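Here the chain labels run A, B, C and D in written order, and each chain numbers its own residues starting at 1.
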Amino acid sequence: MSVLWYTEWLSSHEAHIHGILELIFDGRTKYQRVTIARTGSFGLALFLDGFIQSAEYDEFIYHESLVHPAMITYGNPRKVLIIGGGEGATLREVLKYESVERVVMVDIDEELVNLCKKYLPEWHEGAFDDPRAELVFADGRKFIEETEEKFDVIILDVTDPVKGTPGVLLYTKEFYEKVKERLNPGGVIVTQATSLRYYERVFAVIHNTVASVFPIARRYKVFVPSFYSDWGFVLGSLGRDPLEVPREEVESKLARLSLRFLDAEQFRFLFALPRFLAERLSKYKEISTLSNPVEI
Amino acid sequence: MSVLWYTEWLSSHEAHIHGILELIFDGRTKYQRVTIARTGSFGLALFLDGFIQSAEYDEFIYHESLVHPAMITYGNPRKVLIIGGGEGATLREVLKYESVERVVMVDIDEELVNLCKKYLPEWHEGAFDDPRAELVFADGRKFIEETEEKFDVIILDVTDPVKGTPGVLLYTKEFYEKVKERLNPGGVIVTQATSLRYYERVFAVIHNTVASVFPIARRYKVFVPSFYSDWGFVLGSLGRDPLEVPREEVESKLARLSLRFLDAEQFRFLFALPRFLAERLSKYKEISTLSNPVEI
Amino acid sequence: MSVLWYTEWLSSHEAHIHGILELIFDGRTKYQRVTIARTGSFGLALFLDGFIQSAEYDEFIYHESLVHPAMITYGNPRKVLIIGGGEGATLREVLKYESVERVVMVDIDEELVNLCKKYLPEWHEGAFDDPRAELVFADGRKFIEETEEKFDVIILDVTDPVKGTPGVLLYTKEFYEKVKERLNPGGVIVTQATSLRYYERVFAVIHNTVASVFPIARRYKVFVPSFYSDWGFVLGSLGRDPLEVPREEVESKLARLSLRFLDAEQFRFLFALPRFLAERLSKYKEISTLSNPVEI
Amino acid sequence: MSVLWYTEWLSSHEAHIHGILELIFDGRTKYQRVTIARTGSFGLALFLDGFIQSAEYDEFIYHESLVHPAMITYGNPRKVLIIGGGEGATLREVLKYESVERVVMVDIDEELVNLCKKYLPEWHEGAFDDPRAELVFADGRKFIEETEEKFDVIILDVTDPVKGTPGVLLYTKEFYEKVKERLNPGGVIVTQATSLRYYERVFAVIHNTVASVFPIARRYKVFVPSFYSDWGFVLGSLGRDPLEVPREEVESKLARLSLRFLDAEQFRFLFALPRFLAERLSKYKEISTLSNPVEI
C-alpha cells in the first residue's frame, strides 16, 4: 500500500488518490505549486496546484485531441500560436505538420517550463529545440494584445479559470475578440474547456462565449483516463466547420502524423455528445465577460 | 468535508473516494457485503464488496449500453434471460421492447434483490411487478445447465470474475457453450466485461473466449463516470453482426425506447476502440477455461 | 484493506481514519449526525458530527478520569448532576459510589440517548435503570437556570465549544457562575476541556474561566488512545483541593470502585503537566464570556 | 485542504494521514525509503519506510525519555555507545552531560545520516561536530560483536523489529548478552521498544527478554503526540534500579540539562503503567531469541 499520496479534491465529497512511488520534484514557482512524481496509477505525472495536468499513460489523448481538430480544420497551417502548454507536448503535436513554418509558444511560467524540459522529456521529445519553434516567457493575454503577428491557428492550452487566478480572463468574450484579431483569414482557435463532469457549466459557458465571437463554434470532448472524466474543448473558426471537413481529408491528414489515439472515426466521435449531456448543457445560456466571468 | 467515505481500492496505488452524505444500509447478505448510500459525487449508489455497482447519476449509461446492442442485433426478441442484474435496471430496459413476451431474471442473492426493491426504486421502476417478468433466485450457472427453455437474447449482468468467487466460472468457454445451447436460432448474448483500464487483460480474454464459441463476437465499451473508466462488454451472436445492423433500423428501434444515453451515433461509437487500446488488447491471445480461468 | 472509513479531520493537514467493519447506525437526530460503527481500530464506537466520542477500547479511561477526581475531592457525594453524557457511561461511574443517593442526568438529545441505550449497552451497563438515576431531556443551560435543587458534584460532559453551536455557552464565566449557585457547600464541578494538542488554547481558556469563578481550579489531562491525544479536564472546587486529598484516602476510595484505569498513582499524574506544555499554556491569559466566548 | 499526504498504515483498518506542506526529500538509501517533509501537523518530520521517526514538534519528548533514565540511573557516565540514532538527537542529549568524555554512535546508513545532517539541523544541533563524539558507519550488531571497548551506558535507538529486516536481531536474548559484555560494572542499557498500542505484544516480549539477561529490567512509556500512541522503552541495569534513584538526585541532575519535557515528576510517571495495560501485558510470557524472534 502506498504511503505517499497525491489527492485531487474534486469537491468536499469526492477525490482521486494517486499513490506516489517516487516524488521527483515538489516546490513552488512564482506562479504555482509544481509536483512531479512517478505514480502507481498513470506513470510519470505533472501536478499543478492540486490537479493532475498530464500523465505518461495518456497525455497523448489530451494533446492529440486538443491540437489536431483545429489544425485539420484549417487545412495546411503555416503559422501557429500556443498560449500555455508548458510541458511542450502541444508544441510537439503542432510540429508534426510539414506545412508548419513557425510556432510561437507563450508561457508565463519559465520555471515550470524548465522543470518540464528537465523531468518530462517524454512529453516534449525535443520539441523546444526545433528551429521552427520560438519560446516566449510572457503573460499570454498581454502577448495577444501587443503582438502584431497573425496566425493560422491559435491554441489555448491554459489552466482552468479558477476563481482569483489570472486564468479567468483567458475565457472571456473580450479575450476571444483579441484572439480573433490575431487570426489570418479562415483561422481557427481551440481552447481546452475543463471537465464535463466537474465543471459542466463552465464548459457550456465557454462554448457559448466562443460562439458569440466566431461564426463557427464547436464543442467537443474526449475521455482521458487520468482525468477520470470526459474532458472538454471548444473550437472557433473563421473558415471551415470541423464537421464538414471530408472524411477522406481527415483520414489522409491524420495518417501522416503517426498518432496513438486519434483516427478519422475518433475524430468524428469527439463531436458527438450523448443526449443526456446535450440536454444538461443546453440549460446554460450565459457567456463569460470581463465584468461577469465564468469561474471554477 | 465529508467524514464518512467509501473507498474503492483499484490497486495499492490508486483509489477513488466517495463522501457519504447518508449511509442507508450496510450489511452482509449470504453472498456479499452490501452498502447503499447517498454519495456526494453520484447520488444514491449501490456498492458490493468494495466497488460501486451503479449510481443514480449514470446507471442508465451502463444499463442502456448493456441491453440494447444485443436486443437490437437480434431484431424483435420475444424471450429474454437475464443472469444477475439484482438492481432490476437491466430488467427495466428489456421490458421497454413491445416484442418481449417473457423475461426470466435469475439472481443468486435474494436478500440483495429485496434491498434493491426497497431502497433503489429509481432503478427498477416497478419492473419486478411486470407480468412478463419472472424472478428466480438461483445460481445462474446451475439454472443455465438445468433449464430446458430457450431464449432469443441472454444477458449476463454478473459480478466481475474476482479470484476465489463463483463468478469466475461465468466467464469461461465451458459456460459460454452451455449458454449457447439455450439460444434460439439467431440468438444473441452479451456479458459485462469489466473495466478497460483496470482489467485490460480480463476484458481482452473475455472477448477471446466469446469469440471461441460464437461465430460473431464484438467487444465494445462506454465511459461510465461513476466507474471512472471505460467499461467493457462483449456480444456474441449466432445471427446478425451488430456492426451490420442498418443505421436506419438502429435509429427507428432506439427512437421507440425513450433512452437517456444511447442514440444511433453513440451506438456506433460503442464499437470504435481507439488505436492505442486496440494495440494493447491485441497482446492477449489466451481464452478463459475451467482449468485456466481469467481472474481479477 | 477497509472500504468504508470514518475520517476525523483535525485540520486541513491532519486526519485520523478509522476503517469501518460494520456500520450499525448513521443518521441525524434533531441536534447532530450520529454514527455508530464497529471500527477495526477501537471496536464499537460512537461518532458525533465528525468526531469520535467514545470507543469500546478505552471509553473507561475518559469516563473514569472525568468522574472520579471530582467525586473523591468532594468526599462522599450524595447528590450529583450530570449535564450531557448521552452514552450513560458517566452515569455508570457516578453510580459506583455507595454514598450517592440521587443522580440527575440532563441531556438535550433524546434520540441520541435512545440510540446509546439500544446499541451501546457496554457503556451504560444498565445505569439508566438504576432507581437513583433520573433522566431529563432538556437544554442543560436552561435546566441549570431553572432548577432549585442543589448538588454536591456537577459533571459537565458536553460537546466541545464548536463555533455556532449552543455548546459554546457551556464554557463561559456566566454559565459557571450559574453552576456554582447550584452547588452545596464544598461542592465540586468538573468539565471536559477538549484536546490538549488540537485545541491547546481552548483548554487553557476553560481553565482560566473556571479559575475566575471558583476559589480552587485545577486543570488535568489523560492520554486517551482513541482520541490520539491527551485530553483535558478542568475541576473547580468550593471546598477541598484535589491535590491535597491524602493519598491514602484516594487509594481507599478508588479501591472500592473496581476501575480499569485509575489508581492512586495515575490520579496524581493526571495533574502533572510536562514543562513544555505548561509553558505553552501559560501564554493564554483570557477567559471565556458570553460576549467573547472561546470557540473551536 | 492538503493535496500531498503521507499515510501511516497502522493496520488495514487504521491510518494517520499527514498533509505535506513541502516535500523536501524523497528517495531510497541503500537501506530504506527516506522522506523528509514539512507537515502541517507536526512541522518538519522524518519518515522511514512508511512511518514517522521524529518530528520537530515533539522529538524532544522521545529523545529525552530514551536517553535520560539510563544516564541518570548509571550516575555519572563517562563513556556511552549509541546504536542507531541517525538524526543525531540522541547524541545531542547524551552530550549534555558534563561527565561524558566519549560517545560512539554507530549507524548503518551513512546516506541517511548525511540527509539528517543537511536537512534536520534542529535535531542534531551540531552534535556531530562535538570532539567527544565519534561517528561509525557500520552494522550495529557486528560492531557490538567486534569492539573490545566497554561503555557505561549503551543506547539502542534502532528501527522496530519488522519481519524480514535485520532489525529483528537487535531485540533478541543473544544480542542483549553481547551488549551486556560491552558494559562496565554497574552499566545500563536502554532500548526503544515500539508502540504500546499497536505492538503491545512486542513491547511485552522485549521487556521479558531484557529481564532474562539483566538483573534489573524496567519497562516504561511516554505519550509522543506525533506517534499518536504511548511509546515503549525497556531499561536493563547491572547496577542501580531507576525506581530507586533518589528523587533529589533525579531533580538535581535533570536541572542541569535544560530539558523541555522531562522533570522529576514525569521521570517517575514514565514507569507507572495503568492497571488495564499492566494486565494486558502480563499475558505475554515469551522471550525473543534468534531461533524465535519477536517481530512486527
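For this structure, a couple of remarks:
Everything that follows uses one rule, which is that contacts are C-beta pairs under 8 Å (C-beta built on N, C-alpha and C of every residue); 3 or more make two chains touch, one makes a residue touch a chain.
Being a predicted model, the structure only gives us computed values, none of them experimental.
Both chain B and chain C are touched by no common chain. Set against the C-alpha centre of chain A, every other chain centre is closer than that of C.
Computed centre separation for the pair chain B/chain D is 56 angstrom, with centres defined by C-alpha atoms. Rounded to whole angstrom units, the spacing between the C-alpha centres of chain C and chain D is 34.
Separating the centre of chain A from that of chain D, both taken as means of CA atoms, is a distance of 53 Å. Residue positions 1-2 of chain C each touch two or more of the other chains. Touching pairs of chains, sorted by label, consist of A-B, A-D, B-C, C-D. Residues 1-9, 20, 22-23, 26-27, 35, 47, 50 of chain D are the ones touching chain A in the complex. Listing the residues of chain A that touch chain B in their complex gives 1-2, 10-19, 21, 39-41, 60-61, 197, 223, 225, 228-230, 259-263, 265-266, 269, 272, 274-276.
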